[in-house]
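Letters A, B, C and D mark the chains in the order given here, with residues in each chain numbered from 1 onward.
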Amino acid sequence: MTSISKIVVRYAETDQMGIAHHSNYPVWYEVARTNLIKRIGMTYSEMEQMGVMTPLVELQCRYNGVARYEDELLVEACVEQLTPARVKFRYQIFRSGEETPINTGYTLHAWVDAQTFRPISMKKRFPELYQKIQASIET
Amino acid sequence: MTSISKIVVRYAETDQMGIAHHSNYPVWYEVARTNLIKRIGMTYSEMEQMGVMTPLVELQCRYNGVARYEDELLVEACVEQLTPARVKFRYQIFRSGEETPINTGYTLHAWVDAQTFRPISMKKRFPELYQKIQASIET
Amino acid sequence: MTSISKIVVRYAETDQMGIAHHSNYPVWYEVARTNLIKRIGMTYSEMEQMGVMTPLVELQCRYNGVARYEDELLVEACVEQLTPARVKFRYQIFRSGEETPINTGYTLHAWVDAQTFRPISMKKRFPELYQKIQASIET
Amino acid sequence: MTSISKIVVRYAETDQMGIAHHSNYPVWYEVARTNLIKRIGMTYSEMEQMGVMTPLVELQCRYNGVARYEDELLVEACVEQLTPARVKFRYQIFRSGEETPINTGYTLHAWVDAQTFRPISMKKRFPELYQKIQASIET
């Protein structure tokens, strides 16, 4: 399962090079991740209320092109890997109508307890949600 | 009492006009407010741990000049008004070495309970801190 | 003429109070302003290419409620006042489905030359666009 | 040569997990990079005025710990690799007084012409600056 999220580059996201600043891409990944999780069958807000959080462990972005103010972007997100302790998402960002992504990347997250910030086994604690996420991975 | 905080404009804070984007000024105000509260005698983190939060009720900024990447700015903050329900801070931002502020503004905050987000009487709940803040106001 | 822009609160926009940080509201105003200008008949990018920029002179926000992660917001924007030297926009932000705005505010902008950052008379320099903006003001 | 930059976590940089949002780390890297370039012998502003820009090609962050509001962080930056077409910086972020970094990462940048955004040979165009950067690499 891949979610596709539309982003329009905000003025505040540009920098003095005249392009969207690179620190916005992880924020756009997050918007896409939110939509993907919702499509899988739960909002991330609900996940947090259930007591699970997913802080970042690793982030990688490759910038192949630039995005400018008012550009319409499509951000694709999918789950690439799932283990009881971690989940890895992969992203591609396209300028609307183009076939080559201007940006690709991944984020790796830990499953932690919302109170203690300690690692949890997602598989044991929320087997049903774990199952759904697993099922979303394309083979 | 007035706190003075040094800010150096970050690249990520610029926009395609080549100046610091206007949405950064409230963030810089907040840095200055953090330093002021610390000088008054408590960190804002401690205040939150004591169960009090201060969400914004009103914000005003006047932009008289511009700030550019790598500019060194001095942000002055002081408490202008205090009531049991609210606190108002005033700010002036100068480019280092200049006498006319490039920006002036204020923020008005409510005192609320950290759990319920309901208004509290700061004067009754934390009389000692209230007293210290009151004493910081210049007459 | 009033533009209505949909915003979904991003995780990165929340703060440790668990609400959208107040510095995001000016950014959302800007998204709404971009859409309004487009509806009036020109993109802001085109305006900048024509050599005109509109830096902020004044910003005011009133926060009557809070916005949380994944909340859907509607941002209304309209031109309130236009002079050859300045333009004032007014905003209202609603949580989707609600009738009382959680935030209201305005921004006042100067018309300046993109190269020199000097004030220009919008009326003289771009009479046609000036006319269109004037016509958008509701009476 | 390694530059060390002090960052104090801003309230606006926190998210509803109660920690600094992961998208701030690339911004802090940039602050450190600015200071490093200045120590090498030129401000980044001067570089841009000379007609050279350094957009990101790749970003990687590893998050080993968390940073919280008001935490004092030290960001170390150094040049790891330099070629005529590219430059790679490496970063380590420590909480003040600690020996294990909470975050490590790198950024890879292209040397491009500020007008055309086309790749340039830094070595040919600015041999003196190239030499200085080269000399800053520790062996």
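By definition in this document, contacts are C-beta pairs under 8 Å (C-beta built on N, C-alpha and C of every residue); 3 or more make two chains touch, one makes a residue touch a chain.
Everything numeric in this text was worked out from a predicted model, so none of it was measured.
> So which has more C-beta pairs touching, B-D or A-B?
Contact tally favours B-D.
> Need the most distant chain from chain A, centre defined as the mean of C-alpha atoms.
B
> When the centre of a chain is set as the mean of its C-alpha atoms, what distance in Å lies between chain B and chain D?
So the centroids are 29 Å from each other.
> Quick check: how many Å separate the C-alpha centres of chain A and chain B?
Those two chain centres are 33 Å apart.
> Taking each residue of chain A in turn, which ones touch at least two of the other chains?
Touching at least two other chains: 11-12, 16-17, 19, 23, 26-27, 30, 69.
> Mind pulling up the chain B residues that touch chain A in the complex?
Residue list for chain B touching chain A: 11-12, 14-19, 21, 23, 69.
> Along chain C, where are the residues that touch chain A in the complex?
8, 10-12, 26-27, 30-31, 34, 43-45, 68-70
> Over in the complex, which chain C residues touch chain B? Could you list them?
Contact set of chain C toward chain B: 16-17, 19, 22-24, 26-27, 30, 48, 53, 55-63, 66, 117.
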